[in-house]
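Take a look at the structures below.
Same chain, two partners: chain A is paired with chain B first, then with chain C.
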Partner chain A sequence: MILDLSSSRDLLLALLPELVLTAWSLVLLLLIAWRHRTAADLRLAGCVTLAALASTAGAVWWLWWHAARAAPTPLAAMIAVDDFRFVTDWLFLGAAALTVLLSFNYLEREQLLIPEYHALIVFATLGMMLMGGGDDLIVVFLGLELLSVSVYVLAGINRKSAAGAEAAFKYFLLGAFASSFLLYGIALVYGATGTTGLRAIAAQVGAGAGGGTMLAIGLALLLIGFGFKVAAVPFHMWVPDVYDGSPTPVTAYMASGVKAAAFAALFRVLGEAFSAVAAWHEIVWWLAVATMVVGNLIALAQRAVKRMLAYSSVAHAGYLLVAVAAGPGPGSAAFLFYLVAYTLMTLGAFALLAAKGRQGERDVLIDDLAGLATRHPWLAFALAVCMLSLLGFPGTAGFIGKWYILAAATSAGQGGLAAALVLTSVISAGYYLPVIMAMYMKPEPSAEAHVGMRLGRLGYAVVTVCVAGLLFFGVRPNRLLDLARTGGVAGPPAPEAIPAAPAVSAAHAPTAR
Partner chain B sequence: MSLTQLVFWTFSALAVVGAAMCITRRSPVASALWLVQTLFSLAALFVVLDAQFIAVLQVLVYAGAIMVLFLFVIMLLNLGRAGPSDLKGPAGLAVATLLGGLLFFQLLRGATPSAAGTRGGNVMAQLQEEQGIVGAVARPLFSQYLIPFEITSVLLLAAIVGAVVLAKRKL
Partner chain C sequence: MIQPYASFLLLLLLVVANAVGMIAASHLITRRRPTPVKELPYESGMPPLGDARERFSVKFYLVAMLFIVFDIETVFLFPWATIFRDGGAPGTGTGFLLVEMLVFILILAVGYIYVWKRGALEWD
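Moving on, here comes the complex of A and B:
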């Protein structure tokens, strides 16, 4: 199905998932205005949110099934119509749905009867979808702001918690700071090329226009802005406090969905608009090395599980940056696969942490997990799988993901990055394995050590989905890899021939055209 | 040095000075007022660029509405007494009158078609010939940039919901 984005009907079709989600968000807000007092109202809002996410995923599926593509004529398209957008949309919607499932119990337990929580999750997801699909820097920026504004509030949604207020405030200030870097970068890129459209920028850069200092500074500012959002070293300072202070389901959402969205936008912007500019490869190279080394080393020193996971998410940003540095060609399949695996393992780990009990999850030390395997064998097993996958142990999706990033990096001639990835992964064993050792090899300190541990049925469902996904994709990654391969950003389009994708996607779309 | 250049350099210097003062003043109210100067100077620069509509919007929205909001917040939070005022007396009044008069003069001068026509090859002037001052802004806003425009409305909605959630005394 070829969509001509200059006709309004086709434009609406191309925007169908976003429109569906926006409409649902308005319905949800109306519903909340009506019913917002009791726990039942909160559950109702949660169910509506799940319906919204599911129907949006359906709309994305519909576009994907018809192999929707934008007609090649307009250079000034605002939204991309390609498999990269569809795959990342599913990822964001899935992360949001798992977060909502995780929140049912948590919100009631913490007495946070605020149904607007779910509305903000929907808005944040809409922002993510716009970031992954935006074909224009303005759309990417607005998507980022929509996402950020919603998540600032979500971080501080527990108004009784001082740590929550601190987290929200820090996140807000540094996030606003990062946004202004990004905006300044966009302005300079616009000054150098005269456009904000990603393809139009690529065309301008390819034509040799604006290869000067202004473009370079603009690109550097863009990288700083995105570096804050993906928490790359040296822009990672906010991560531990914000992850630590936010409610755990929100932390899970930040570590998985928000980071995935920032990465998707970074990948698309660099790959589609700036692949002809050599300067960013070196910058991303250094960012990746610094992020992997510093993230892993600081994580080694952490005793609290939540802070350890925060630094581990910094380290994983480094691994994903390796895939970005490998470039849009070989890197994109590895990038998408790792993004999915990373989302699953992070969500699973935080979901288990959220089960640890009321007001308690901030202070859970690694040693507090001692003997968990005898008391709650299934929870211990699930956490062990998440840890092994984060480590990149064979048999889990984390291993396959790292493997493909390594393959992409070496085939792109980035041997140094591949070596750094392997070495830092070895370091990371130093903080993932103690969790497993504490659970399986240390005796339970007292009979009441794990009394408060309750996951709830929905929490179990989330953890089961994550663990099953990790093990399944660890053994049979082919289906997801195929999807990730077709979803790659094809790099800068040749002047007339925009995606060669119809040939690829026709394979899984029998009804195409 | 032509008049345009003179105006450009004057207001550029004023904008930079205002921005520097804004971030170095101790009193938040003084900071906010210096920011007003920067925003006014930027409006004057827009006029130099033949973008009178943007200049008016800049004054109305930024120097007017948003700055009033800033001052309200500062006064509500009772931050206003951190230091002595930085601008007072007849000298300040004279400077303010002078600047306001200059801006007004610029607007008057720029709004006449003959002035816009003197700088040939100017994109903005050409656009305004075709679509009028407002049309040059409105047409792209509601055609090429319709999607970002609509996203902005969702963004504002999310921000309002968030502000209410965080600030309302009893939900």
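Moving on, here comes the complex of A and C:
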């Protein structure tokens, strides 16, 4: 199906998923206006959110099934219609759905009877979809702001918690700072090329019109802005405090969905608009190395699981940056695959952490997990799978993801980056394995050590989906890889032959219920 | 490229020089004879009523924010109205323009209903 984006009918079709989600968000807001008092209202809002996410995933699926593509138009398009957008949309919707499922229990346990929580998740997901699909720097920026403003509020949704207020405030200040960098960068790129459309910028750069200092400074400012959002070292300072202070499901959402959205936008902007500019390869090279080394080394020193996972998410930003540095050609499939695997393992780990943290208690230390395997063997097994996948152990999706990033980096001639990735992964064993050792090899300190650790049925469902996905993609990555391969940015047009329908079932299973 | 902006730069320099010059001149030329009345902060000629660091009710910020949101609606309506009068961009027609604005107003109306029902407009 070829969509001519200059006609309003086809443009509306191309925007169908976003329009569906917007309509649902209005319905949800009206519902909340009348029903916002009891726990039942909160559950109702959560169910409506799940329906919204599922129907949006269906709309994305419809576009994907019909192999929707944009017709080449003289006018710059605002939104891309390609498989990269569809795959990232499923990823965002899936991460949001898993977060909502995880939140039912958590919100009631922490007495946060605020149905706006779910509305904010919907708004943030809409922003993510605009970021993953935006073919214009302004659309990417709008999506980023919609996402960021919603997540600032989500970080501080627990108004009684001082740590939550600190997290929200820090995130807001640094996020606004980063947004302004990004906006200045967009302004300078516009000044150098006379356009904000990604393809139009690429055409200008290719024609040699955009060379020079102004474009280079603009690109550098863009990289700084995105660097803050994806938490690359040296722009990672906010991560531990914000992840630590936010409610755990929100942290899971930030570490998976928000980071994935920022990466998707970064990948598309660099790959589509600036692939002819040589300067960013070197910058991203240094960012990747610094992020991998610093993230992994500081994570070694953490005792609290949440902070350890925060630094681990910094380190994983470094691995993803390796795929970005490999460039859109070889790096695209590896990038998408790793993004899906990373989302699953992060969500699973944080879901288990949310179950362990009792009401009001913040810091779960690694030693607090001692003897978990004897008391809750299944939960310990799930957490062990998540840790092994984060480590990149063979048999899990994390291993396949790292393998493909390595292959992409070496085929792009980035041998140094590949070596850094392997070495820092070895370092990371030093903080992932102690979690497993504590659970399986240390005795339970007392009989009451794990009392009150409850996951709930929905939490079990989330963890099961994550663990099953990690193991499945670790053993049979082919289908997801095929999908990721056709999802390359600005690659050749995907063939008409569509892979079998359930290709992405595990990636967005929860949205399809 | 620099040429058209040179006059702006010149203006900027003149403005800064003017401001700095006036303050410097008043410091250099005047003789200071302070009295308590002269030391008071200037508040339109009135004796000051209180400390400037007064705490505002948080409601104030809420209302200010809502005001800005609905103020922007008007800011959008004006350019829309002029384009609508001229018949819109070639190829789209005014029907599309009308629907677009109706959608925009619908979204704002939903926000308004939410704010109203949630009690943000009540001051107590």
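Methods note: the second predicted complex is superposed on the first by the 484 of 513 C-alpha atoms of A that agree within 3 Å, B and C clash if a C-alpha of one lies under 4 Å from a C-alpha of the other, contacts with A are read in each partner's own complex, and residues count from 1 in each chain.
What we mean here is this: a contact is a pair of C-beta atoms (placed from the backbone, for glycine too) under 8 Å apart; a residue touches a chain by one contact, two chains touch by 3 or more.
It should be emphasised that the depicted structure is a prediction, and the values quoted were computed from it without experimental measurement.
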Item to check | Combined model on chain A: chain C and chain B, fit or clash | outcome: clash
Checklist entry - Between chain B (first) and chain C (second), which does A:Leu29 come into contact with in this model arrangement: first, second, both, or neither? => result both
Checklist entry - Which chain makes contact with more of the residues of chain A, chain B or else chain C? => result B
Next on the checklist: With both complexes superposed on chain A, which partner does A:Phe399 reach: first (chain B), second (chain C), both or neither?
Outcome noted: neither
Item to check | Touched partner set for A:Phe84, first chain B, second chain C, both or neither | outcome: neither
Checklist entry - Looking at the overlay, does A:Phe172 come into contact with chain B only (first), chain C only (second), both, or neither? => result neither
Item to check | Among 3-11, 21-29, 39-47 or 111-119 on chain B, the segment whose C-alpha atoms clash with chain C after superposition | outcome: 3-11
Checklist outcome for this item: Dual-contact residues of chain A, meaning touching chain B and chain C, are 22, 29, 36
Next on the checklist: Applying the document's contact rule, which stretches of chain A touch chain C when the two form their complex?
Outcome noted: 6, 8, 22, 26, 29-30, 32-34, 36
Checklist entry - Once bound in the complex, which stretches of chain A touch chain B? => result 15, 22, 25, 29, 36, 76, 78-79, 113-114, 116-117, 119-120, 123, 126-127, 130, 136, 138-139, 142-143, 145-146, 149-150, 152-153, 156-157, 159, 168
Checklist outcome for this item: Contacts from chain B onto chain A in the complex sit at residues 144-145, 147-148, 151-152, 154-155, 157-159, 161-166, 171
Next on the checklist: Quick check: in the complex, which residue numbers of chain C touch chain A?
Outcome noted: 91-92, 96, 106-107, 110-111, 113-114, 116-118
